[in-house]
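You will see chain A twice below: alongside chain B first, and alongside chain C after that.
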Partner chain A sequence: MHIPNRRFDTLIIGAGGGGLRAALQLSSADAHVAVVSKVFPTRSHTVAAQGGVNAALANVRPDNWHWHMFDTVKGSDYLGDQDAIEYMCRAAPQAVYELEHFGVPFSRLDDGRIYQRQFGGQSMNFGGEQAARTCAAADRTGHAILHSLYQQNIRAKTHFFDEFFAIDLIRDAEGCLLGALVMEIASGELLLIQAKTTLLATGGAGQLFRTNTNALINTGDGMAMALRAGIPLQDMEFFQFHPTGIAGKGMLITEGARGEGGYLVNAEGARFMERYAAHAKDLASRDVVSRAIATEIREGRGCGEHRDHVLLKLDHLGTETVHKRLPAVCDMVGTFLGTDPAETPIPVAPTAHYTMGGIPTNRFAQVIIPEQQGPEEPVPGLYAAGECACVSVHGANRLGGNSLLDILVFGRAAANHIVDFLKENRYHRPLPDDAVEQGMARLARWEQKGEGESVDTLRTELALVMEENCGVFRTEEVLSAGLDKVTALAGRLADVRLRDHSAVFNTARIEALELENLMDVALATVASALQRQESRGAHSRIDYPERDDVHWLKHSLYDRTTRTVDYKPVRTKPITVNSFPPKERVY
Partner chain B sequence: MKFSIYRYNPEQDTAPWMQDLVLDDSRIRPDMMLLDALLLLKAQDETLSFRRSCGEGVCGSDGMNINGRNGLACITPLASLGTPVTVRPLPGMPVIRDLIVDFEPFYRQYRAVSPYLINNDPVPEVERRQSPQQREQLDGLYECILCACCSTACPSFWWNPDKFLGPAALLQSARFMADSRDQATDERLAELEGPFRLFRCHTIMNCVEVCPKGLNPTRAIGRIKELMVKRSI
Partner chain C sequence: MTDDSAAIRNRLAWQCRRGMRELDELLNGFMARGYAGLGEGEREAFVRLLEYPDSVLLECLIGRMVPADKDVAHIVRAIRHTTAP
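And then the complex of A and B:
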């Protein structure tokens, strides 16, 4: 079978904020870039980010990057790599100013500067009073950023392969990355994209869980491709549950709602966050607030007929503030609940939201794996940025407003490193004879006809298992049952059959490939969670309720072939400043 | 609940056809959206093809023609729809398969308006200042999600999809003209001269009627026309 071949300097897989920021940087540097995305770029999940992007601009209150760094290290429950965190926080103001220059319609202060709101886990002076660090375009910041970045890429004439699905990466015997096999969804035709450098920017895997805030496209495709290319996944046990998804439905209500003065109440009408975080209250870190809500519900103080949620109150803020600052939340609540948040509190519950773990990278966005020379050797030609990567700036718990920052800073960092790499690697390496074999086998498997379970059946069961066995609170018993169940599901995957074998825009085939990806990522998540015998950030073990820095201040690395978890040290040494040593984490 | 859904698979069908489908009432919750129902129908028959992603009306993937009116399946309540619910692809666009249309004519017109900020001043070290009042001029313009519900509801766009830019692209054009940071209003206006690109808008206002984000392309087009008049004096 002849597969057409195209050559580029750089292949970027994923056209969310991370991929587009990198593409813009590379196109502007006259690199020959291809962006492959399974959806049209502005449909990427960055579009759904609401609250904003963190940067110590000090437009509203005093601020500096070092305070931001402290908050991020503390927020990560000390699992974040402090060199990467320092780099990100220092780069943040520049990253935001660049966005403004690209045309992002930020909300403004009276003096014309960018509006900044309060978000959870933010402080002045290393743990002092609440900071206001989150730069916002109303509550549509992700939409504003994604569209502006796409628009600038139109201007820069970036080459897009819209609605192409990446099947597998191509790696040669020396371990170098050579590109990927991709499929045009509209025609079902294959294309081999050969590239000197490849950037994975494929986003997270929120579809692992039944109730989640994520788009249906968030199926961990890049993470699974990395696993299949022999790259381990790092810190997958840390999955963020956002405190305020609409109860039972999952749609996100931005932390900005609490940043603007909203607060949570239980069935007794009590403002319960005071008991869990005396100082920061409703603006404590997300893991803290989610656990507090889950505890209120477990102890019978949940609201509603099933006592399964709490209420987010905004009705005391005045209609004008609520409608002006949170217009998209008002729209969404109106659509899905038929109420006005300025008048009626919103039922909310912790909802699967963000994959802290991912493909291990350093602060240049180079993918790094354990090899002969140590635990962090770069894979030549391979980069990863954004939610699919684990750089690790979020550690065990991500702060609100740091994910948009992550994609901007490390999308750009990847591009800058790629430009240097291209100077020293001017030619495409030869393709091995078996370059597309793995990808072709993956596709051939789904051509089998006959009786078998459906993709939908397995996907539904998987999401339910993950929700029940890998949720906010975890124990050895629940997790090992979860691992057994996911392993059994992974076994059944071989017997799943497609009914639709057509070539043209076959969405069933895409969903089958996505299910395979989800299954690999699910195994990584549960296996890593079972191994980690402590509570840290979003990973909360009832049987090991304390953080254990002696044994567990380390990153986990899940390997697909052996289905085992290995570990590597946390980079506690920043680039220029003193390290923040682990302390008790109080908000 | 009964559905009548447009089906077309170019590998099998010589012509499009309408398929009657039934979703058992026991599977329908009162707060369901049309997308939820389509996903259940797809679970019964995986060949049914449509785009979808965010499920909350911000990504713009699942625009379709629902009981004769363009809208997003994910924010259209089932309870608001008369049965059988008739679902067709967005009108006037080439159909690739079932409810999936080829958006290229739509995207081409979007790209044609130079949909990006143009400012040739030296880049400042910090943000460019913009007062809250200047920023307010962008409200109702920047929120577009490119779902194409408006342009594919516009008779002028149906007749001249290659020459008339359509409401979505013109809304973008207006968005940059309204931005105090943009310096290319003259060039943008010059690009819109002629009988077709802008002036095929006959203020039919279908775009306003169907926009799932509550935007008003007709008003934006009116503003462009005002600027054009001012420029010509």
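And then the complex of A and C:
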């Protein structure tokens, strides 16, 4: 079978903020760049980020990057790599100013400087009073960033392959990345994109869980491609649950609702966050609030017929205030619940929100893998940035406002490193004879006809198992059962059949490929969670309730071939400043 | 359903894959429960609606904005009605 071949300096898979930031930097440096995206670029999940970008601009309150770094290290429950965190926090102001120059309409103070809002987990002076560090374009920051970057890329002549699905990476015998096999969704035709460098920027895997805030597109495609290319996934047990999703549905109710004075109550009408975070109360970091809600529910103080949620109260603020300050929340609740939050408290429960783990990289966004008992080595030509990557700046728990910063800083860092790599690697390496064999086998499997289970059935079961057996609260028993169940589901994948084998816009085939990706990422997540016998950040074990820095201050690495978990040390040494040693995390 | 109409429907279903959970819920819910009952003109209006940027689409579908195109506004009402709690 002849597969057309296109050659580029760089292939970027994923057109969210990370991919587009990298593409712009590369195209502006005259690199020949291809961006492959399974949906139209401005429909990437970055568009959903409402909160903003953290940067120590000190426009509203005193601030500096070192305080931002402290908060990020503390927020990560000390699992974040401090060299990458220092790099990110120092680069943050420049990342924001660059966006401003690209056309992002940041909200302003009266004197014209960029407005900055308060977010949970931000402090002045290393744990002191609340800081105001988040730059926002009203409640459309992600949208504004995505559209500005897309338009700048059009200007810079980046080549877009819209609605193309990446099947598999291509790696040669020496381990070098040579590009990817992709499929045009509209026609079902294959294309081999040969590239000197490849950047994975495919976002997270929120679709692992039944209740989640993520778009349907977030199926961990890049993570699964990395796994199949022999690259382990790092820290997959750390999945952030946003504390306030609409109960039973998952849509996010912004932290801003609590920032404006909203608070959580249990079935007894009690403000329970005071018992979990005496200082920050309802504005404590996301893992703390999620765990508090889950504890209230587990201990029988949940609300509703099934006692499966708590209530977010805004009605005490007055109708005018709620409608004026939180119009989006009012409209969202009206649309999905048919109620007015100024009158009726909102039923909320933790909802899967953000994948802290991912493809292991260093602070240059190079994908790194352990070499036989030796130091880590970069995979030549392969980079990853954003939610699909684990650099790791979020460690065990991400702070609000740091995800947009992550994609901007490390998308740019990847591009800068790629520019240097391209100077030293001017020619395409030869493609091996079996370059597309793995990808073709993957596709051929779905051409099998006959009776079998449906993709929908397995995907629904997988999401339910992950929610029940790998959610906010975890024990050995629950996770062991989860691993068994996911392993059984993975075994049943072979029996799934497609009914539609047509070529043109066969979205059923794409959904089957996404299910395979989710299954691999689910195995990595539950296996890593089972192994980690401590509670840290978003990973909360009832049977191991304390953080254990002696045994577990280390990153996990899940290997797909052996289905085992290995470990590597946390990089506790920053670039220029002293380390922040682990301390108890109190808010 | 003919092959052509299946392909058109699949293409539209893929256009309903957006960057936001909220839009996925509303648009896919409508594709499953409302689209089949649309007339030809209404389907054309639905296609026009799907060309809106995500943030504008969300504003329309959660009732914060009314499209100037009356036919699209009609589709927005149909989506809100079909997917209402």
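Things worth noting here:
In this text, the second predicted complex is superposed on the first by the 560 of 587 C-alpha atoms of A that agree within 3 Å, B and C clash if a C-alpha of one lies under 4 Å from a C-alpha of the other, contacts with A are read in each partner's own complex, and residues count from 1 in each chain.
Here, a contact is a pair of C-beta atoms (placed from the backbone, for glycine too) under 8 Å apart; a residue touches a chain by one contact, two chains touch by 3 or more.
Predicted, not measured: the structure shown is a model, and the values here were computed from it.
Using the contact criterion defined above for the overlaid structures, shared-chain residue A:H242 touches neither chain B nor chain C, since it reaches no partner. Contacts of A:S454 after superposition on the shared chain: chain B is touched, whereas chain C is not. Of the two partner chains placed around the shared chain by superposition, chain B is the only one that A:G112 touches, whereas chain C remains out of contact. Judged by the touch definition given at the top, the superposed model places A:N212 against chain C, while chain B stays out of reach.
In the overlay built on the shared chain, the residue A:L498 is in contact with chain B alone; chain C does not reach it.
Shared-chain residue A:A48: touches chain B and chain C both. Judged by the touch definition given at the top, the superposed model places A:G103 against chain B, while chain C stays out of reach. Taking chain B and chain C in turn and counting the residues of chain A each one touches, the greater count comes from B.
In the superposition on chain A, A:Q151 makes contact with chain B only, while chain C stays out of contact range.
Judged by the document's definition of touching, chain A residues 39, 42-45, 47-48, 140, 143, 147, 186, 215-217, 249, 251, 328, 331-332, 335-336, 500, 502, 504-507 lie at the interface with chain B and also at the interface with chain C.
Interface residues of chain C, counted against chain A in their complex, comprise 3, 6-7, 10-11, 13-14, 17-26, 28, 53-55, 61-64, 80, 84-85.
The touching residues of chain A, when paired with chain B in their complex, are 39-40, 42-45, 47-48, 96-97, 100-103, 105-114, 137, 140, 143-144, 147-148, 151-152, 154-155, 186, 215-217, 249, 251, 328, 331-332, 335-336, 454-456, 498-500, 502-508, 511. Interface residues of chain B, counted against chain A in their complex, comprise 9-12, 31, 42-43, 45-47, 49-61, 75, 96-97, 100, 102-103, 107, 111, 114-117, 119, 123-132, 134-135, 138, 142-143, 145-146, 176, 179, 181-182, 213-214. Chain A makes touch with chain C in their complex at residues 39, 42-48, 140, 142-143, 146-147, 163, 185-186, 212-217, 249-252, 327-328, 331-332, 334-338, 500, 502, 504-507, 510.
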